[in-house]
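Worksheet for the structure shown next.
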Amino acid sequence: MSQHDILSLLNAVRDGRLSPEDAITKLKLEPFQDLGYAKVDHHRELRQGVSEVIYGAGKTPEQIIGIAQAMRSHGQERILITRIDAGTAALIQNAVPMRYEAQARFGLIGEMPEPDGDGTVVVACGGTSDLPVAEEAALTAEALGNRVTRLYDVGVSGIHRLLSHMEEIMTARCIVAVAGMEGALPSVIGGLADVPVVAVPTSVGYGASLGGVAALLSMLNSCASGVSVVNIDNGFGAGYLAHIINHLGKKP
Amino acid sequence: MSQHDILSLLNAVRDGRLSPEDAITKLKLEPFQDLGYAKVDHHRELRQGVSEVIYGAGKTPEQIIGIAQAMRSHGQERILITRIDAGTAALIQNAVPMRYEAQARFGLIGEMPEPDGDGTVVVACGGTSDLPVAEEAALTAEALGNRVTRLYDVGVSGIHRLLSHMEEIMTARCIVAVAGMEGALPSVIGGLADVPVVAVPTSVGYGASLGGVAALLSMLNSCASGVSVVNIDNGFGAGYLAHIINHLGKKP
Amino acid sequence: MSQHDILSLLNAVRDGRLSPEDAITKLKLEPFQDLGYAKVDHHRELRQGVSEVIYGAGKTPEQIIGIAQAMRSHGQERILITRIDAGTAALIQNAVPMRYEAQARFGLIGEMPEPDGDGTVVVACGGTSDLPVAEEAALTAEALGNRVTRLYDVGVSGIHRLLSHMEEIMTARCIVAVAGMEGALPSVIGGLADVPVVAVPTSVGYGASLGGVAALLSMLNSCASGVSVVNIDNGFGAGYLAHIINHLGKKP
Amino acid sequence: MSQHDILSLLNAVRDGRLSPEDAITKLKLEPFQDLGYAKVDHHRELRQGVSEVIYGAGKTPEQIIGIAQAMRSHGQERILITRIDAGTAALIQNAVPMRYEAQARFGLIGEMPEPDGDGTVVVACGGTSDLPVAEEAALTAEALGNRVTRLYDVGVSGIHRLLSHMEEIMTARCIVAVAGMEGALPSVIGGLADVPVVAVPTSVGYGASLGGVAALLSMLNSCASGVSVVNIDNGFGAGYLAHIINHLGKKP
Amino acid sequence: MSQHDILSLLNAVRDGRLSPEDAITKLKLEPFQDLGYAKVDHHRELRQGVSEVIYGAGKTPEQIIGIAQAMRSHGQERILITRIDAGTAALIQNAVPMRYEAQARFGLIGEMPEPDGDGTVVVACGGTSDLPVAEEAALTAEALGNRVTRLYDVGVSGIHRLLSHMEEIMTARCIVAVAGMEGALPSVIGGLADVPVVAVPTSVGYGASLGGVAALLSMLNSCASGVSVVNIDNGFGAGYLAHIINHLGKKP
Amino acid sequence: MSQHDILSLLNAVRDGRLSPEDAITKLKLEPFQDLGYAKVDHHRELRQGVSEVIYGAGKTPEQIIGIAQAMRSHGQERILITRIDAGTAALIQNAVPMRYEAQARFGLIGEMPEPDGDGTVVVACGGTSDLPVAEEAALTAEALGNRVTRLYDVGVSGIHRLLSHMEEIMTARCIVAVAGMEGALPSVIGGLADVPVVAVPTSVGYGASLGGVAALLSMLNSCASGVSVVNIDNGFGAGYLAHIINHLGKKP
Amino acid sequence: MSQHDILSLLNAVRDGRLSPEDAITKLKLEPFQDLGYAKVDHHRELRQGVSEVIYGAGKTPEQIIGIAQAMRSHGQERILITRIDAGTAALIQNAVPMRYEAQARFGLIGEMPEPDGDGTVVVACGGTSDLPVAEEAALTAEALGNRVTRLYDVGVSGIHRLLSHMEEIMTARCIVAVAGMEGALPSVIGGLADVPVVAVPTSVGYGASLGGVAALLSMLNSCASGVSVVNIDNGFGAGYLAHIINHLGKKP
Amino acid sequence: MSQHDILSLLNAVRDGRLSPEDAITKLKLEPFQDLGYAKVDHHRELRQGVSEVIYGAGKTPEQIIGIAQAMRSHGQERILITRIDAGTAALIQNAVPMRYEAQARFGLIGEMPEPDGDGTVVVACGGTSDLPVAEEAALTAEALGNRVTRLYDVGVSGIHRLLSHMEEIMTARCIVAVAGMEGALPSVIGGLADVPVVAVPTSVGYGASLGGVAALLSMLNSCASGVSVVNIDNGFGAGYLAHIINHLGKKP
């Protein structure tokens, strides 16, 4: 809760427009709606400037629909739903109109917005197997209002593939670099670019990839500056962070 | 090497001002100076917009002095040197004038610049023991031209300490959140702020902290959006990334 | 076996009411009933003051039914059965009347008792996906005779949700804090409360959550005092410990 | 900050005794004193009912002395200082009178209090090498006002040593069980006792003990109910939690 | 190949009964029969004194049958087959008469032998879920000619269950101690007995049991002497080792 | 991209046969064909001297067919496809004639070539369960033009089996040593041979084999010289490396 | 406490020679002497048939001397002290006559006994660096009354070194196999011998040896039967277990 | 022992020139000299074609000198000694003339030989801190008779540094790629070269580098073909393997 909200509340108390007891009640009840299994936060758009997102993994279709409907009844027009398989998506679509992207396991209620960011977000990935995570990042960024350039299959073991895209890399506002196995892509991109590079390890690989831990460690140890890392397979988190970075120019 | 550099080179070849053989030679020799133990990159300031940084760990004082002098003779006025202990710092100071901050093990050749970023960088940390890493981040950001606000000892087990600084958090352009032990600070800050949060786990702790791995994992699993993570104790990397984010408005 | 039991036995020997050979036999045979695949401990209620619990995982439905019937034939009226899926539950219900809670995979033979504890047990959890573990803890505590207050979806990345429940937190006798992913909830609650906080990591998450190990490590490193930890997903263990703490006032 | 404090503040605003702006200032400045490197929390004794504790590891002697003197100047009479070596202790003793226990690396400013708990705290440990951690737990509990019974060298590989202390185990209010190596002591005690058992793994051992991780895992997997675990070597945390449990009867 | 075999071979060469070239051929071809996918070792019974064992995991039913039939056609009457599920067992039984024990996933071709060991082998386990591994150990030992006493469900959290079997423990020739979760059983038994204790960790448990690694580490760190450890769930290996120990008195 | 290619390009620019802008375009577009989900590298055969390989895991049958057809339309006659199950293989065979080896999950489009290497590649493995990985290595080497000798079921626990094949080992040009469980085979072979030994750990085993990590670590710690290691189960990588080593004599 | 002891006690009670209260006291006080920091177990020699051993690591020289003197005053003539460095040994030797073996960090009070075991114990090790652990095992076995044959520097990467000692291996009663790095020695020996093989991993190695964990895992995964494992560097435990095995023929 | 040696021996027996008993003795005693703490293998040069190497770590200076002198008295002229610090080197130099390279902790007795390999070995490394390991590899290769080209400080975060050395990379016979931190260098080089790439992870780094494990995992997961890996910091092993590869053309 912001400083400003507390100040308004206190002024209301001083002016006698609000009793202290009611002020406490207000502090408790206002910011979210309690569905029993989840507290839907209707103030979040104001506080953080983006649409609410529903993390689908671990929730039943019924819970997801319940949360989405509560949001929509409060006027939320665009809702992102991540990590839902095709079966869950079909159940949701029965209740609410939703676009579904199967590869990225990504759903969008409402229209894709016009890009209004400061520049372009590049999403690069190493191999075909990294596509689901890369697409989750790209679609998340697009759904939040960012222009996205996709550079796929540019892994470091064929370095000329990456170097042929120097122009896109040099002119991006933020780069999401997705890679499994040895996870070296963010290091190479980080050495070429001068904007933030958000590294996303993927669980692609086998044996000593340890479910993505090898790529994760590789990225954390990147000797290129400007690189930071999100969780394994967390395409959403990377796309969201790229969105925040690409809209900093909109802040007062 | 940028697209633009290659184009210039090719134009020179076409115009007969440069032979193809010389072009290859130029590609090889130009961008850095080879000291035998290190290749000093004199083009980096142009390409990435910041001063060269010497990562001091694993280098002898002689190597550091050699690199620094090579840079200075090429006109580099400001040089950051990280991870140097007091003994090494004293040896460097005998050869080159340098400011040394012992707690952060941080050296600066040249003057601290005026801040010219888009906003303020907040550096927050959980406990007194995290100070060396937090200071490395703060000094790095300052030495690259950023205004820095320090919020120290605001760990989540005394949440009111953090909440009393909501104003600084809400108005920052980028927040560096440093924490050891359970590493929860970035999650809480990430839920309060709407700017990028760079999380830095520290090796502070004992037993099941596993040298900072516990805090690292905690941060990678943050359920707050906008949080990304750098290596354990990597205050420099966090300060550098905050600098890039805080200067994006300067990009064309 | 208690001091008191040994003393009685020895007195019986001295008084000639029991031969030494029979005493040894008694030491061996009395305290439990051997079903071949399990030894049912009929003295446990006396020694530890609670009902017997059957840990369902790794047991066949037949074994569970056999144990339950042996207990009931010794007069045990209330039996908790944990970690049983719906199929197993149906098989048991064919043999013995049992209430089954699917989300928590929890069965109860006999009536839910009246609360008789010293105060209230709070069960808090971070997100919707943590509900099964939280419910296992809450139902266990209720079935052992505790009044339980549920605070669900109060994760630290939306700290105001938690702060709006300060009253429940401040007046609890014991708090069970359930969280996956970064596992920071117990640290924040531990800083707010002055009663024991039992932390339960959950396996909710993906990638670097390492099946709950990230949350586990985070909790073990909590810098808040009064926090201790049980195994990943061990809602039963936490509910049971909360019960013991909440009934200490009943001890002589 | 408690509900009650907020209510008082709001009443003061309503009655015109405090302006809203001053209320915010008060929220920020009151609860702790900022020493630059640490925020000393003078309200903590009220909120949590115990003396302030200084965690000595990672702090310089100067910082420790500074914090201790700030506390004493606010009327704090008893201060526990943990994890300080003999050299640091000597420096502190030059500035402030302090009792120092070398084996436990434990300092106490002020008098040891009279026990005022609900019952007795038992501290048990497996071997001679576990003594430092066990003593840290025991001294912490004593310094907070608990009667402590020490059962040392009662490891499970000589089970008769432990069984000869059944009486102390059966009559304790809370048991702290300290063990390194295979860490089995809490499981055995947990099967004998019906009070909370706080398990403390120690880093005693070599090879596959992995610095205490083997004992930690063993304790987390205890099949005895009523057992919870704190960090490796965290004698302080165990003693503190035992204190909270042993004073629950004092709560209103 | 034994010293004795080499000597015979060399004598045959010296006496002209064997050419050097044939001697080399003999060295290569004799000791096993090559089935393409496996080399069946017909000399093993002579060298090691026991029947051949087929480790079923990772082999197709056809391969197992092929190996068994090759053995039987060389006069091997008793063959143990481990780690086979019910489906595989049925396929084998179509080709060769075999007794199958489903819980232990254990097959035996030929008759169970009369016990001819030096004493008794005790197989003890902690809980009902450990039964499959314990039975694999017990059946292996029996099939190799050992009298086996089973002590099941004697976990350390109910120490009186174990103590009531002191007589069996004190008179055994070798004890196999099987336990999952915290893995403390071998430590307690090792402190009571004065014969070799073979510890078998099981993968029973969840969360921080890490698939049996917690129990494994616990056993490796046992502070009881005379304890050694085999791989997780390796009931066969433990039963086999117990057999070797229990037949040492038969050696010349 | 090779030095030679750059030089040709630059000469074309100097001679006016190519504009600088077109040169950059050429650098970008030439070396591969972009299928959207993959960039097929038609220059690779020239640069690295072998056929293109499709790593099948993580690709849909449609993607594999698309890549294979793009290659064949560029004149590629032989294509290896690894890590495909029987179902995928059938789908591919509907579109393109392909030989499929089920045990090795290996497909080959085009004819098996005549061996043209410098010598023989030996592929050795420890047990029957290692066959799939060993066959992947052997088939890969054969498909790239190498004579392969298979030594299967020569694990170190029956050392005479291995020693009977000294001749094959002593005359090989490169040895691929495949082993799961304790992974000792490469160490023993490395001590016998004086050619490169490529060690391949397999995920064969259970419990403390940790999915092949035990064998991997064992091989990395081999005290025999001349041994290097590839990823767990990476038969393809080992066969490919053996091929490169066995064709070094063909290099100018 | 043995069955027999309990029976005697009970008979004494029945006969009126002992009151029940005294019996309990006897149960508590008899079997060990409490030095405060350690309970010395004077019954152990009777129960387990060997001399008491003092594990020196983690004990002060004063504590070791105290324990040793308490033992000697109870008639204990031979005392083994393990894991003591040269400084500690010198301090002990000032108080008690003791033989000290520096490489093995092993002390012996009293005379080395005549071998009285059933056969010979072989101690084999892989390399020169494993000598300290191998010697700890060998000296322990000798001090407990076993004839020991040492086979040092017989690592598997030079397999002929080991094979030249087939006679010693084939005639041993128990073999202790010590190895660091890849830890393959016990597997090879286990395949050659038909007696128990006690495997001891050592912390010798670097990098991926992970302090001995690589060797430990390798040994646990040995595909040779008859192999079991003790903790990393636990030469004492292996020597002790070999002693028990080698004296089984002495049991009634 | 080679096939050929066995054949000779057998022929001697048949011809009556050697008794069978003496043949066995010969098999045992010949191939090495037993110094008690080490068996010096005088046949190794014949069998494996290179000089004997002494691995210095874990050996006392006295042991090293003893081994070296035994070798020299058998006519061995060139001896490599690895992993020795300056103090040990000085002690050796007192006894035997030896060249010592401090950075690589590498000693050489005898003259550096003329290169006689098939081509050139390239040793590349990522940063200044990797120099000690890279130099160990380079010096080892040189001392065994290889021409070595050093490419230092060519890390992937400044990819142009590496690309300017394409000519050396394209014409090498074998490439040793040394890197710490993210360990990406071998992947990039593997994609550029068509010869074997031996990857050496180094322990350079901090935090999540986990002592070189991050780089190791990265290299094992390299998606470039032709890459294999040796142990962390194992410059010797890499240089030795490069030597074997670079001398394959010398084999018959």
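Descriptive notes on the structure:
Should a chain be cited, it is by its letter among A, B, C, D, E, F, G and H, assigned in written order, with residues numbered from 1 in that chain.
One rule holds in what follows: a contact is a pair of C-beta atoms (placed from the backbone, for glycine too) under 8 Å apart; a residue touches a chain by one contact, two chains touch by 3 or more.
Values in this document were obtained by computation on a predicted structure and should not be read as measured data.
By the document's definition of touch, common neighbours of chain C and chain G comprise D, E. Path length between chain F and chain G in the chain contact graph, taken as the least number of steps between touching chains: 1. Copies chain G and chain H of the same sequence differ in orientation by 90 degrees, per CA superposition (steps of 5).
Taking A-D and D-G together, the chain pair joined by more C-beta contacts is D-G. Farthest chain from chain C (centres taken as the mean of C-alpha atoms): H.
Once the centre of each chain is set as its mean CA position, chain E and chain H turn out to be 41 Å apart. Centroids of chain C and chain D (each the mean of its C-alpha atoms) stand 25 Å apart.
The distance from the centre of chain A to the centre of chain G, each centre being the mean of the chain's C-alpha atoms, comes to 58 Å. In terms of their C-alpha centroids, the spacing between chain B and chain C amounts to 49 Å.
For chain H, residues touching at least two other chains, in rising order: 3, 27, 127, 158, 163, 207-209, 213, 216, 220-221, 231-232.
Chain pairs that touch one another are A-B, A-C, A-D, A-F, A-H, B-C, B-D, B-F, B-H, C-D, C-E, C-G, D-E, D-G, E-F, E-G, E-H, F-G, F-H, G-H.
Of all residues in chain C, only 1, 27-29, 31-32, 34, 36-39, 41, 57-59, 63, 201, 203, 211-213, 216, 231-234 touch chain E in the complex they form. Of all residues in chain G, those touching chain E in their complex are 2-3, 47-49, 53, 118-119, 166-167, 170, 173, 194-196, 198, 216, 220-221, 225-232, 237-238, 240-241, 244-245, 248-249, 251. Residues of chain B that touch chain C in their complex: 126-127, 155-159, 163, 180-184, 187-188, 190-192, 205, 207-210, 213-215, 217-225.
Note for the complex: chain B touches chain F at residues 3, 6-7, 10-11, 13-14, 16, 19-21, 23-24, 27.
The part of chain E that touches chain C in the complex is made up of residues 127-129, 131, 152-154, 158, 160-161, 163-165, 204, 206-209.
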